[in-house]
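Quick one: this structure, given as structure tokens, is what I'll be asking you about.
Chains: A, B, C, D and E, in written order; residue numbering restarts at 1 for each.
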Amino acid sequence: MLINCVAYQRGHKLADIPVEDISEYLAKPDCFVWVALKDATPEELAKMKAEFGLHELAVEDANHGHQRPKVEEYDDELFVVMHLIDERDGKLEAGEVHVFAGHNYILSVRNGSKRDFLGVRARCEREPKMLAQGSGYVLYALMDAVVDRYFPIIDKLETELEALEERIFTKGAARSNIRRLYRLKLKVTQLKHAVTPLMDATGKLHSGRVPEVCVRSRHYFRDVYDHLSRLNTTLDGIRDTIATAIQVNLSMVAIDQTEIGKRLAAWAGIFAVATACAGIWGMNFTHMPELQWEYGYPMALGIIATLSGVLYWQFKKARWL
Amino acid sequence: MLINCVAYQRGHKLADIPVEDISEYLAKPDCFVWVALKDATPEELAKMKAEFGLHELAVEDANHGHQRPKVEEYDDELFVVMHLIDERDGKLEAGEVHVFAGHNYILSVRNGSKRDFLGVRARCEREPKMLAQGSGYVLYALMDAVVDRYFPIIDKLETELEALEERIFTKGAARSNIRRLYRLKLKVTQLKHAVTPLMDATGKLHSGRVPEVCVRSRHYFRDVYDHLSRLNTTLDGIRDTIATAIQVNLSMVAIDQTEIGKRLAAWAGIFAVATACAGIWGMNFTHMPELQWEYGYPMALGIIATLSGVLYWQFKKARWL
Amino acid sequence: MLINCVAYQRGHKLADIPVEDISEYLAKPDCFVWVALKDATPEELAKMKAEFGLHELAVEDANHGHQRPKVEEYDDELFVVMHLIDERDGKLEAGEVHVFAGHNYILSVRNGSKRDFLGVRARCEREPKMLAQGSGYVLYALMDAVVDRYFPIIDKLETELEALEERIFTKGAARSNIRRLYRLKLKVTQLKHAVTPLMDATGKLHSGRVPEVCVRSRHYFRDVYDHLSRLNTTLDGIRDTIATAIQVNLSMVAIDQTEIGKRLAAWAGIFAVATACAGIWGMNFTHMPELQWEYGYPMALGIIATLSGVLYWQFKKARWL
Amino acid sequence: MLINCVAYQRGHKLADIPVEDISEYLAKPDCFVWVALKDATPEELAKMKAEFGLHELAVEDANHGHQRPKVEEYDDELFVVMHLIDERDGKLEAGEVHVFAGHNYILSVRNGSKRDFLGVRARCEREPKMLAQGSGYVLYALMDAVVDRYFPIIDKLETELEALEERIFTKGAARSNIRRLYRLKLKVTQLKHAVTPLMDATGKLHSGRVPEVCVRSRHYFRDVYDHLSRLNTTLDGIRDTIATAIQVNLSMVAIDQTEIGKRLAAWAGIFAVATACAGIWGMNFTHMPELQWEYGYPMALGIIATLSGVLYWQFKKARWL
Amino acid sequence: MLINCVAYQRGHKLADIPVEDISEYLAKPDCFVWVALKDATPEELAKMKAEFGLHELAVEDANHGHQRPKVEEYDDELFVVMHLIDERDGKLEAGEVHVFAGHNYILSVRNGSKRDFLGVRARCEREPKMLAQGSGYVLYALMDAVVDRYFPIIDKLETELEALEERIFTKGAARSNIRRLYRLKLKVTQLKHAVTPLMDATGKLHSGRVPEVCVRSRHYFRDVYDHLSRLNTTLDGIRDTIATAIQVNLSMVAIDQTEIGKRLAAWAGIFAVATACAGIWGMNFTHMPELQWEYGYPMALGIIATLSGVLYWQFKKARWL
């Protein structure tokens, strides 16, 4: 679905143009065309391919979807794939945006995400001096917008992890902790798949042989690279902490087990003594003088209580109870 | 076993030719010969070696089999080894395909897999413009076909893993989970051995000094590289998740243990109290006044029941029961 | 907030100058201006941007804060971000310092840390020969001061770890050990995030294509790099040791468990024998001759005591008790 | 001990020559001398050093032994160290072979292994066309022979691992499994020390700046590299699988423990109920009407049996028994 | 403290010279001065700095101490830091040696180790041909001596590990094993910190752009590199084995636990049966005919013994006892 199709000249909007006129505007000097599509059909892409002369393999990738994030150069055309990650009901949902960038055009195709890039266009149009850098700047603005959306999601993961860290050392929460840590791990993995390859690919847009399209905006691409690199470090940190937290959680379970074992042993001991005493005075020997004593019974109860008390006190002292 | 042997000129099929005429066709301009063998005998390979002038070491490797995936350059000849992986009855079976590619010939030898590459030839013949790129394009088409067959297998592994993730947090399935995780791990390792070296080798076909044969189709080889790279990332992700899942499974077992320990301790405590009481009133002292009371027995039962009840309630409250 | 703004010429202080005169002094030969800000407002930064002609993206980063440590080159301007880490009440608090360095100016902006860099300025002014190297030397002096502050913090972590190592092998401290190890791990991670990226970035200031500003002081930057590299190795060592310590702690818990299991089993066994004996002599058979024996009771007690003693001795020998 | 000393010219054997004549033959065109020593004494090596002009450090290494696998270039001389690994009684025994290779000589010194390289010499002499490539081809043939001997050993390790995999999921074998896995791990480590450094070193013989001696046989050295690379991957795979297997084994032990805990709890519960009932009816209250009932006893037994039966059935249903 | 100060010319000792004459001898052709200090004071270093013209940062490092091993180039001066590791009473003690090397001088400063380098000087003086290579050869000789001293220490660690490996599979040693493994790990880490950075630094002395001082002795530095590389591999191997051994030890503890659990369960079961039987015949029902039987009591004992025996035998068969 076409969202909009606009021609720009020296940083200023010329006009909303119909798709058919694109090639006409492409021929004008210092002019570039910026087209935004959403959930594009193969037919729409085919039309764009014809208008802009896009490379077949790039269009095929865009049609097929499910690409990993990447930046590919086809002669003087750039094809950029980025993942869009939205959070809904505690789950991460993935979409994709494909951007085709040439020296006088930019085409973005958004799939499976509800959040649009209208804000990016508005911001660009408010800064004609920047926009005058051409399609490279628009590519930067799109990438920057995508990357900026990763931050709140990753912040949320960090908050979630911190909340979990408090809980690890609480008794009785081991089962839910481990489940949450696992879920968190899966989310981090998903974000890593979005961030790391994009970071690697963006690195090629600001250092070494920078593609023609990006040369004028290379400092800006380094800025995007820098953000991605920060996100990547944060994700690695979270991942590492989760791994430690899983181990710590297991340790806490084992420690719990030991403590329960100690309490079980302590109470078993106390009652075993009582039962053994009672058993002994319950034997049927004829000649058991204490059985006939007037205060034999209270004495027996007293002995049992005393023994139990001493044991209890000993276990208490040894911190088994 | 010879499957077919065809000569092509400028993207079009010239003729099915007998093996003996190969060298004749190789001499024609803009012409290349595409031979497909299956489970080739040393004799067949020797004949091919003579016709195409293949390098001795490459032929030796093809005869010997059990190679790791690789791309080797012998002067202007390429020798490519790829693993074919089929799934049968939940098990992965491995075959191999060896491809010899020169500027005017392509020879593929398939071993130990039931699925053929006739579809590749058909597809190539339907697109003469592509086929006109020469033997490099055929090599691409073969590699693409092999790599495409990895996708459904890896998808299946992902599905299997997701099913297992559900089960990890279920009680009582630990034993079968761990077994399945282990089996899954072995499959992932097998696929890694197929994918990673091939990815590394394919990298050399599209960047840096690209072999002569592949120059015209280098964008296509990058596409193959890209697919392999995606598969590789997915496999690494699965592997990492399996490692975590094994740890989580162990944690769940430990948590289960703790819970059983608690229940054991709780019931042992309740019965120990009852038994101790009964033991005390079973002692044979002469002077135990409550034994003569008319309602002594019900009182005793009542006390025992009450104590047990209180304990039960306490354990319930502490979630040990 | 402006802390100070001073012009230097050939290593000597010229004058404290008002911010408005900066551009005037920048025009003088062999002269550079060193400005220090603290918790700068966007307005202050905007003024500095105008005076020194700072790059927009660098200023934006400084305004935004929360950068990872880095060294960025904008044409002939360097932008350096470093983390300031203070310890308060056993917790690490993070601040940031941003340094803009050109061939004739140096601007440092300190955020969120209470410790200033007045000592650095004083030291520099005492060594005019060094200061004559220009703004590069000041940049070195600032970096050196920041890095030097990491040492006592990391030393403290090492001391903490050593104290923990003693405790791991002590019984009964597992729960607090694991908690402390985890806290320590988090601190190490935080310091790693400060040290490692800064080390990588500093590497580019002494080898390869060294930025113009740093060329005259390159040996000094290697010294900073070397310190960072030592810190990094130490942190990696601590991290590795923590991982091992967590495993060892878990092992100690498991060993404790086994020992408790053994003691529980031993005592359960001893009392089970006593109770079984008493139970047998408490049976109500008419014909149990030993019950009528005059010394039956003491004999019974003797047998029970002997059996218990033998068992106790056996368990003692097997080191279960 | 000298094994043999032969001069070759253009791929053909000239003569068995005495050690003293070596320098004479070295002077002939297109001629090279191949000497094989076994457990060479320092004196023998000194003589060889004089004849061939070997580098002092290489000879020192050969005298000293216990080198890691390596390929060292001393001007136009190559010094190659390889590990020979034999299996005896399930243990791996390590020997070493040192090869000195110059453009017109090859000297191999074998230490501590019973298997000789006579087969290599015979094979080379049967292929004069190959041997005509000179000393580089002989070096290849020796390396190929050494590497080929690693294959059956590593195959055996794989077989051993597969046998163990079957056993991991068997109950009661945990102790012997873990011991075997550990032994296997040590063997893999030993082989890794033989294979990995040799692989890295061999890499330099076929790509980049290839030493003069090896230039004509570079495709052959790539073949050796390829074999080593396959072995290396296999060893890494085994190592990874062992690590997982150790974890799985631990999980199986924990699962076993849980099951034993459940059975213990179940039986303890059943008998606790019986004992408590018996204890109650063994109390000595005067007024316990059921004690006088004619069928009181069978009733009591019935109740106890019923309760036990119900418990047993419940535990069975919950799979605790 | 000055140990000695000697001038050499063309490999031969000229004279022991006073420190004041150093600059005089430095001016002579083909002459170099070799000074050895021990626990040098800042004043001594300042004097040396003046005589040899050492770089300020290098001298500062030497004064400060606690450097990581490194090789630094200051124009045509080399500054080398190495760790000296001695073993005393089973503990590793670390010292440092700093070497300043120029084309006509060598200055070594030894700190905190009792073992001197007199042997190195003696060996060098015995080989004038070698010593004629100049200060580079002396640097090599010193490095070689330091590295050679690591070997026996690492051999001892290996022996210690092997002794531990035997003990891991012994019952009841888990607690001391884990403690020893941990101590061993710490030692390995300390040695890694000495070996790995030195290895990396030495790599730059034999390949790539080799510093002027070392050019004539580059094969010798490769030899040092090679030794360090072997040590490094060995240390990595030990470290890896320790990690596995810790896991194996934990597994053995878990297996022990399971076995104790089984024995506890078995004995608990046997006694529970006996106690339950005794309890039943201890009930006070009026009508329990077997109580009046003449052989009731032996029969009861017989039944109890039989049941216990059967259970015992069953448990024995199932290897629980």
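Keep in mind that, in the parts below, contacts are C-beta pairs under 8 Å (C-beta built on N, C-alpha and C of every residue); 3 or more make two chains touch, one makes a residue touch a chain.
Just so it is clear, the structure is predicted and the values come from calculations on it, not from any experiment.
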item: Shared chain contacts [chain C and chain D, defined touch]; value: E
item: Turn needed to bring chain A onto chain C - CA fit, degrees, nearest 5; value: 70
item: Inter-chain centre distance, chain B versus chain D - centres from mean C-alpha coordinates, in Å; value: 25
item: Mean-CA-position distance for chain E and chain A (Å); value: 40
item: Residues of chain A touching at least two other chains; value: 247, 250, 254, 257, 261, 264, 268, 272, 275, 279, 282-284, 288
item: Topology of the chain contact graph, where touching chains are joined (line, ring, star, complete, other); value: ring
item: Going from chain C towards chain E, every chain in order around the ring; value: C, E, D, B, A
item: Of all residues in chain B, those that touch chain A in their complex; value: 165, 168-169, 219-220, 222-223, 226, 229-230, 233, 237, 240-241, 244-245, 247-248, 250-252, 254-255, 257-258, 261-262, 264-265, 268-269, 272-273, 275-276, 279-280, 282-288, 319
item: Chain D partner contacts - residues on chain B that touch it in the complex; value: 55, 57, 61, 67-68, 70, 72, 74, 172, 174-175, 178-179, 181-182, 185-186, 189, 193, 197, 243, 246-247, 249-250, 253-254, 256-257, 260-261, 263-264, 267-268, 271-272, 274-275, 278-279, 281-284, 288, 290-297, 300-301, 304
